[in-house]
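Same chain, two partners: subunit A is paired with subunit B first, then with subunit C.
Here is the complex of A and B:
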């Protein structure tokens, strides 16, 4: 972490766009998705504009699967210059829109939209970042971060996937930024806190681009010099395995670290039988203390 | 000696003749590129020997790492020097250690001029250890080390720890001699009776007293060949030792401090910053004065970092992510099956890399049926522990523990 202050030569940004149709802002007005997408594309292009070596990937997260919207596997689209716009920007915009249409069209009509599986998309992004780092020229200083733009809520069902993904990101020094469009996301906020990224719940959707550009565009090295939204307080209580309730004091199996809210003689996760003599060894110690 | 006879492992120079060059074969075009890639894949596979069997984690491990700071560390057979190489590898070791062993503690000891000096206290704070290590680079390396003094010191530090915790000492020893004040054999016996497991990594050559120390206390002894071997020896010792797995199982009462005093927001009078208090862990140093902190849910003592053991009521304090670090052992990702590449897919699902002729094998997930390159396969199985394909499918993403 010591070389955080030095600006990097190349910065890779992976944007994960939640396109799940059951997000509240889409069900209320489906056109808002287009506005949000335009904001994200404009944001992506401004990232590319900052440095010639900056790289970009965009992953669309739909309810039935996640897919890369940019870059395309294989050959890139054939793009000609329009109105003097830099070709790369046109390519980014066209590719994302075309691939997103394909993604939405491929959704199975009989399936009901469930929750957005963002953990899987982050896992894909981490593999992409790992590949980018492997193939990069040696000596190039690379920073990588992931930005999640979502309006869904998070549930405990993906907890394990989320945690694995967060710890991998922390290990690979990848920041995870989260831009929430609707609800407060406590799990993703934990991820931001673990990886050192920023969490922001956007107060109004109209200003989305402005929030993206002001808060999420600066690189890691520049962020220390800016006044950005604070971390806030993160709730780190553990949920017990038996009732999924948040605890302040619980019992932890010393073998597999499962959390329980009550003492039970057998661990339900790893089937270890506990010695009931737990409190006994403490008693003689206390007596000694008194003497 | 009887010990030596029991040790059946033969030395390298006693083994048969290895014809390493015969493994290399050219393909039709006279190229070895494909073969090299295959070797790399095989080596990567070998490195990932999955830990099978029941999950036994080294919770509550307490490891002291003793670093030789004697003249012998100046030697440049490891680049740039033994000492600098050791420091660099130790940083990696410390990160990996806390990754593998949630809720464990580590302390650093310097073997300096016939003395053992404490560099950092036993603690679970990664940053503190790394910072202390980084401050060592310019240290002058003189004199001889003393193994016995180090052992005595480790005994003193590790003795008062609770019995359910595993207690270990890891010595990085470059010198071929040790300058001891008394009989080291009695010290080794004392450590043995205390149940402190001592491991040694030698940087020069095998030393008998180190070997005896490791054999008696149940530790492991290794001598490095080069920096790569050194690294793998160090990282091997991050995984919990078998002895720690044999410890008695028990339910440990644990507190999860949640730092949000939500009452403040409703009460306008105390809406300001929390009152300035001193945290319990820095009470002796006179530091650690501040507002933020984690409060013990039982006695409301304040701690500035987690995990910690409450000094007032003895409750172990941790936060949920500390425990979650180990969940990938509980819910492991299913290994991918290796299939010969016959154009099943154009590109790797996870990283979009196009498959080329060099990819003789690709990997397929048995659940989501996506294809992955071997690099992504190793990332998924070693660090990520989530299959990117399964995790983004609505009917596959939940990996519940098998009901068996």
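Here is the complex of A and C:
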């Protein structure tokens, strides 16, 4: 998206990890989550390894709320080096694991897990990026991107929220990358297409880290030079505002552009009353005058 | 004719030597493969080397990191789109130069690449954990008198400025140790005065002062490592320790336990230059400062200043009318500014100067490059400059574009000559002789210049022997 060809001084990556327990791959085998999480942490650390000034944030996205896993608000954990790992990487790993346990423990016990609040998490990420840019040293060239790692299925319930964050991201020149672990996600794919990011559905979970490092690690300026999986065709169907179903043909409010699958006389979004003209008047056949 | 009357014109090829500042990549390139092999046993070095690699090379390394068998070269080529083949070749070359990867045949006869074992192992250790802890063990009880970041910054700056002040010979500081002086002399930044034997600054020294602090530290340490071997310190061990420091956390204390005697000596030297803080020589713990942390970032120093300590804020304002305002009180900074500006007024906290053709040319004559001048002005520009708009013109620099361009123009107007060493052949007896010899030289690609009317030709130095032999054969046969 950005018009610069030169690599930036600093690159900010916000990773959104979907930790919702009702994702299919977790319900089948809960241990896979740990493996995936390890892959994501290793990927996050490789991002920090690229350049000394690269920055990282990780957001955990659950069905009842989203929360920052890294960096921690307030004082960072006091972590000392235990083995040959770079101290900063140890800090990242420990912080994410600890905060994630807290997040999962805080889920209300009696509630049935609903949909992951991904759109909200993206909004949080955008806020984080905006704040980071505001506080950065003037003159520093920063690129920012968001990576969503999720195994949830596609629903249109958050359609409007999604579209809002996608277009905000586009305006802020923030790339959105999506790594789908399970099903094809057409809505998020639209977001990638809008913001210029990459969409990848991982064929197998075993090689997750390799896929992440291959496709999502290179920076924007680098991606043009590499051969990466093609964008492919994007399903641009919109969801109707009344039943959240994806439509090919529907009714659109002429004032606020809301989409509906059935005709209604009053727009539910902007309350415009549509005049119904009734069936078009049939022009009376002109009688041919015989002269 | 007169092959005998050839006159050698040996010109000084490089009339004003410019200070060379190698980055880590170039430094390592100049060392032996064996030396590199020992270095790659340290996870920190692997991490630092990885960061110094070109972008595409980093991509290759990270993709090969978890692959155990050699990968065909054709496959590696297919990762990059065709239009960037040149950059890819460069990346591959960099990886081979630093022996990060080696050629390895694949069953089937295709050439393949494979990461060096020790590099792969230790990069993985740095990234994912495992292995032994770095030598600075960190099992320490909390320091009773812990130092905060601001204190460390102030300390580092004070120590480093001490060295700089010593170089310009200003009287406002105490001296520095004999070791440091020896390094400055060795690096050619200072030289012994012919009369009284005291150290005085050289031109290279002034160029050194114009560099950014991170670069200064790195250059200084490079020379330190050169002299280290003479003092029975192992350069590999020192370098590994330096990078351990650079990957440590600011504001945390580390223990000296388990460090060898040599390393303790090295630590004391680093302490003197302000790279680490230690309360007492035998304190048993030390704090790395920002100077040490910045070693790893020498390359990234572009327009943006590092997260500099508050005291080192920029103080220079440059206006489009070539005036330079510097809010400073130290003589060092005034002296540096005086290298390339004509100073006009001096107030207690402000110096006003103007960049003129004469003043800049004088600096250029002293071997300072335009790039160095611009970079110095950029690096120390006042926060107000960073905020100001450049009138809708998009530039990478926050300086007025006119000034930047003009300084560059002043430099290029001096570079109208290119110097090549050569041998003159003249006083040929006949035109035919001249033509034969000239054509021969042209054929060999060693002819620099010729003039038929005066029967004069200039041959490059390395081509001279060949042409001379040819001439002897030719004159004998005819």
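Assume the second predicted complex is superposed on the first by the 239 of 291 C-alpha atoms of A that agree within 3 Å, B and C clash if a C-alpha of one lies under 4 Å from a C-alpha of the other, contacts with A are read in each partner's own complex, and residues count from 1 in each chain.
Criterion: a contact is a pair of C-beta atoms (placed from the backbone, for glycine too) under 8 Å apart; a residue touches a chain by one contact, two chains touch by 3 or more.
Because the structure is a prediction, the values reported are computed rather than measured.
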First (subunit B), second (subunit C), both or neither touched by A:214: second
A:32 touches, of subunit B and subunit C: first, second, both or neither? neither
Partner chain(s) touched by A:50 [first = subunit B, second = subunit C, both, neither]: second
First, second, both or neither for A:16, with subunit B first and subunit C second: neither
Partner chain(s) touched by A:84 [first = subunit B, second = subunit C, both, neither]: second
Dominant toucher of subunit A (residue count), subunit B or subunit C: B
First, second, both or neither for A:222, with subunit B first and subunit C second: second
First (subunit B), second (subunit C), both or neither touched by A:42: second
Partner chain in contact with A:163 - subunit B first, subunit C second, else both or neither: first
Complex contact set, residues of subunit A against subunit C: 7, 9, 42, 45-46, 49-53, 80-90, 93, 137-141, 209-210, 213-214, 217-219, 221-222, 224-227
Residues of subunit B touching subunit A in the complex: 54-57, 59-60, 95, 99, 102-103, 134, 163-164, 247-260, 297-298, 315-316, 318-321, 323-331, 346-354, 375-376, 379-380, 383-394, 397-399, 401
Complex contact set, residues of subunit A against subunit B: 2, 61, 63-66, 68, 71, 73-74, 111, 114-115, 117, 119-121, 123-124, 126-128, 130-131, 134, 157-161, 163-168, 171-172, 190, 194, 233, 235-239, 247-260, 263-264, 267, 269-270, 272-275, 278, 281
Subunit C to subunit A touching residues, read off their complex: 43-44, 47, 50-51, 55-56, 58-59, 62-63, 65-66, 78-81, 83-84, 87-88, 122, 125-134, 138-139, 247-249, 296-297, 300, 302-305, 307, 383, 386-387, 398
